[in-house]
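Before anything else, here is the set of structures, which you'll find just below.
In what comes next, chain A is part of two complexes: it sits with chain B in the first one and with chain C in the second one.
Take a look at the complex of A and B:
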């Protein structure tokens, strides 16, 4: 046991070294000084209170979608449709805000209702993918992918059609909402909303408890690991899959709602910002463990924010963060494969 | 081609699948291979067709020793295997399927292939349209296509694994005529089957396998009785049957018809009464599993009624059956019964289905330890189920059974288990009978069927016998019925009884 533990740690370490090595090669190929680039990312992420706060702003939606994805992964489902679920969350939130902004209701009530609407929107979109799988026999990966395109088309249509800015529609999105309808932020300039941060942290703790200590979590795990056996043991299989889709959609919708109410204060074309796909990577890298997912998500958020400076300082594209994140996940998964090989499992036939 | 097998040995873990098999098959002959499930027939054929390598032993083809590394290697050497489920490509056109796997240039000469296909088909009087799609064919026609393909590839040895399952009588006759013709042309044919009648009708010699060994051979004229004895009989002390006098009906099937892949079961009626054990005997794939699934609500009958006690439960789901006290234990323990990756304790929590939100780990631990002790499972509550041995996994499945059950359905409850585990599991099942449960089980082991059942249903290619009292059955008679012999007597007896 001790031996496998240490060899596991060794393999994980090797994965990180290999990922950094490959990213360095990419930097060299782009004729950029690697050390300066890495130093820049670190400074860009923790160099000042402002950028550190931005890391937390980015952490919130990532944490929320990861929390949701942990539920679907536990049920053995690849919820690729998460991007669309974030988008629908944002659309529903905007819809509710637009509907109520002139109503004279208390702003905090309007904000709360909008966020709830966003959660409902995400859940609806996720249930659609679930229904396609359960009743239509469409694999959730294909269904989710299709629904992502539909969601983003719907989003663009709303921005350029019914909800367009007076005069001319633009890629910069809908008309911003009045500051009274913004989720309160730390300072006037900051985009960091303490309440959003608290919600995100609560979400991951909730999911941790759900999967670790409840009957529902155990049944979900059984469904994910072996639906046939789970069914014979008396677990209603497809119902649990649907519930896990709905829960994941709620968290994704919440992420979309937070982006609208506290970050952009309007609906923009790329409202999901790729957080859904990034969340899939976080969950995989964290080994589908909620406790590990929080720091991994923070690290990924830091990489994202840290690399924003790269184009300005080093004239390198900020997608370098994506290179590092992607290779990291690939190598960690590769090392898991190596480990299973070494353990004598999963040898090719 | 002449094939000689010398002292072939193959073990899987502790199972000796082939324990030193030697067999000489002369060219231009049809060699029958008889044996019950697990006798080692398939292993030997897999070795000959390159799917697995033997641990030791030699294969000699036409005088030279060969090592067959892969199925492709086998076909290069002229050994073609026709699998029970034809290895074809349903979405393809027949001609494409025919060409596939043939070595050659980048672009196949379709016109030439089509011409040769037609010539071959005509030679055996097969009516196949090379432009039709494979998925429009019947199983018999797919076999014909496979045979043509293997011949076109230059096969000199043809191995057929249970080829008469799922094909019609005229197709069977055509198949047999083809095989005789091929043998006359000098082809060596190996015919693997458990159907006595087919083997007796077709084969020029028969080898009988039992428990990994070649136990005998015969040439025509065959004596059915001695073949059956070779296939099944073994020395085993019978412990006396300790039947409980049966009570009221727990499960009753009335005129149930079922359809499964390549199998149709028509009009089955029987009752399982409280305290009674009913054994389902037959070769694998003869319909027992489908019928057992129907008793559990896992398969839906196309007609007929299923009743549990007084309630008509036709068409309800397994979970509805469960609520009425039915439990189903599948043969594939880790695939269908247990969840690999979850601990023993997790399984008990799942199966008990206690309410509330948070799991009471302390109580779960107690429950698990208690059951583990009662059922004598070698494992701890925190162990993952896949770490258990086969016997312990089976005990685990039994331990998961709820306290009060009225009907227990089991698929191969003791397959792969040692004597001690087998006896233990039956003692536990007997306790359930004494408490008033009915048991219906499938077993490939005739001794087990005869020893533990009160009544037996025999299956042969979807045909189901009426319940036969186990008292009046012998291994020979049961073995004959499983191999398709003696059904006419059964039918006339049933008529005589009214």
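Take a look at the complex of A and C:
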């Protein structure tokens, strides 16, 4: 046992070293000084309270999305449609905000209702992917991808059409909401909303408890490991899949709601910001473990925020953070394969 | 006694002079605290810094500032839009520039208005320039009191008119296409200015029937192509060339109008393009390029940076024209027009003549002028106010294309 654990740690360490090596090679190919690049990413992520706060701002939606994805992964589902679910969450939130902004209701009530609407929107879109799989026999990967495109088109249509600014159709999105409808931030200058942070932390704890400590979590795991056996053992399989889609959609919708109420204060074309795809990587890298996912998501958020320094200081493209994130996931998965082979289990299925 | 009086007077003069030296020129009311001898300028660009268009014109301008004003330094972030940098906000990117020491931030795109205002309100000690905006125009429609913001814009209407003249004097089919970005006040007035110039040359120089001049605007939806989001400007330019429009005038940040004209010319078609934004854009593709109306942001940025350093930075709106005495001088004037290689000698004569007329006081924003739907904009002889031009509510009568986004 101790031996496997240490060899596991060794393999994980090897994965990280390999990922850093490959990224360094990419940096050298781009004629960038690797050490300075890494140093700037670190400084850009933790160099001041402001940038550290920005990392947390980026952590919130990523954590929410990852929390949701852990549920669908546990049920053995590849919820690629997560991007669309974030977008729909943002659209529903905007819709509710627009509807109520002139109502005279208490702003905190309006914000709460809008966030709930966002959660409903995300769940709806996820259930659509689930229904396509359950009743239409469409693999959730393809259904989800298709729904992502539909969500994106719907979003653009709203921004350039019915919800456009007076007389102006602009990529910069809809008219910003009044500051009273923004999720309150720590200070006037800060971008970090403590309530959003608390929501995200609650979400990951909730998912951790749900998957580790409940009967539902156990059954979900059974469905994920082997749906046929689970069915034979009396677990209502498709119902569990649908519930896991809905739960994931709720978290994704919540992420979209946070993007609208606390980050952009309006609906913009790329409102999902790619957090869905990033969340998939976080979940994989974390080995589908909620306790590990939180720090991994924080690390990815830090890479994203820190890499903004690359174009500013080194004139390098900030997509380098994506290279590092991608290679990390690849090598970790690769090392898992190696480990399984070493353990004599043969090739992974 | 007289000596004493002289002495007192002398002492007084010296005292005043010393006081003057101490404080420098008295700071104007509402001025921000002087930045002093060193100033790091942070530039936020919406597109790539080397786009041969809008963003590069701004990038070169700040480099010009650093070469002209000792003590200034530049840091920048380009592609500051949520499609290129997902998850970030423009104000957050500007703060990253502050992290590199920037005390003076230029937001160089209309797309950044909301974020620039947010940023200016959150960082009251930072000098903020919002180019192409009108937030702090006291006589404008959307005035907001932002003591640390200056709006700068060039009177590109005049440059665009010259481009329109070049187009009208070149077209063989009488059909001019305008490759428009998104629809707003700025883009309406610029597209309309091209039309005004084209119509003027068509009727006054060529003595042709204005009804025979076709002018069509197609909007792509943003300042540059974003695949899957905007219409593809390459496609739009192709559509123009394929449907008999032989001159395409660019209104977007990037160079598709010219690059597509090059392709069609290679296939043997007689087509031309008018570039936009960037002074050196006239140097490319001499077989199709009629020229470029361009922004020269440098001099205005120099003045504003100097004001910040000297403590005379006061919130205001400026809308700067060309320097007619030194047209196309990089050290003066906010707008110019560089002729391209494909402008025929005869057309070039017409362009020069038109520039001379503008310098002499010709104003094409003079009535009678009607909006696209027929409503009167200006009665005969009436001259448009700055507000009427800046906030043009529709395209002009005679132009085809959408006036307001539907």
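Details
The criterion applied here is as follows: the second predicted complex is superposed on the first by the 346 of 349 C-alpha atoms of A that agree within 3 Å, B and C clash if a C-alpha of one lies under 4 Å from a C-alpha of the other, contacts with A are read in each partner's own complex, and residues count from 1 in each chain.
Going forward, a residue touches a chain if its C-beta (ideal position, glycine included) is under 8 Å from a C-beta of that chain, and two chains touch if they have at least 3 such contacts.
Values in this document were obtained by computation on a predicted structure and should not be read as measured data.
With both complexes brought onto chain A, simultaneous placement of chain B and chain C is permitted, the two fitting side by side without a clash. When the two complexes are laid over each other on chain A, the CA centres of chain B and chain C sit 140 degrees apart as seen from the CA centre of chain A, to the nearest 10. Judged by the touch definition given at the top, the superposed model places A:233 against chain B, while chain C stays out of reach.
Of the two partner chains, neither chain B nor chain C is touched by A:333. With both structures placed on the common chain, the touch criterion links A:213 to chain B but leaves chain C unconnected. Once the two complexes are overlaid on the shared chain, A:275 sits against chain C while remaining clear of chain B.
Once the two structures are overlaid, the count of chain A residues touched is higher for C than for its counterpart among chain B and chain C.
By the document's definition of touching, of the two partners only chain B reaches A:221; chain C does not. Of the two partner chains placed by superposition, A:9 touches none, neither chain B nor chain C. In the superposition on chain A, contact of A:291 is made with neither chain B nor chain C.
After overlaying the two complexes on the shared chain, residue contacts for A:264 are found with chain C alone; chain B is out of touch. Between chain B and chain C in the chain A overlay, the least Cα distance found is 35 Å. The touching residues of chain B, counted against chain A in their complex, run 318-319, 322, 328, 330, 335-342, 346-347, 349-351, 353-359, 400. By the touch criterion given at the top, residues 44, 47-48, 50-51, 54, 58, 152, 156, 160-161, 164, 167-172, 176, 188-189, 191, 263-264, 266, 268-270, 273-275, 304, 308-309, 311-313, 318 of chain A touch chain C in their complex. Chain C makes touch with chain A in their complex at residues 75-79, 81-83, 85-89, 92-93, 95-97, 99-100, 111-114, 122-123, 182-185, 221-222, 226, 228-230, 393, 404-406.
Chain A makes touch with chain B in their complex at residues 213-216, 218-219, 221-222, 225-226, 228-236.
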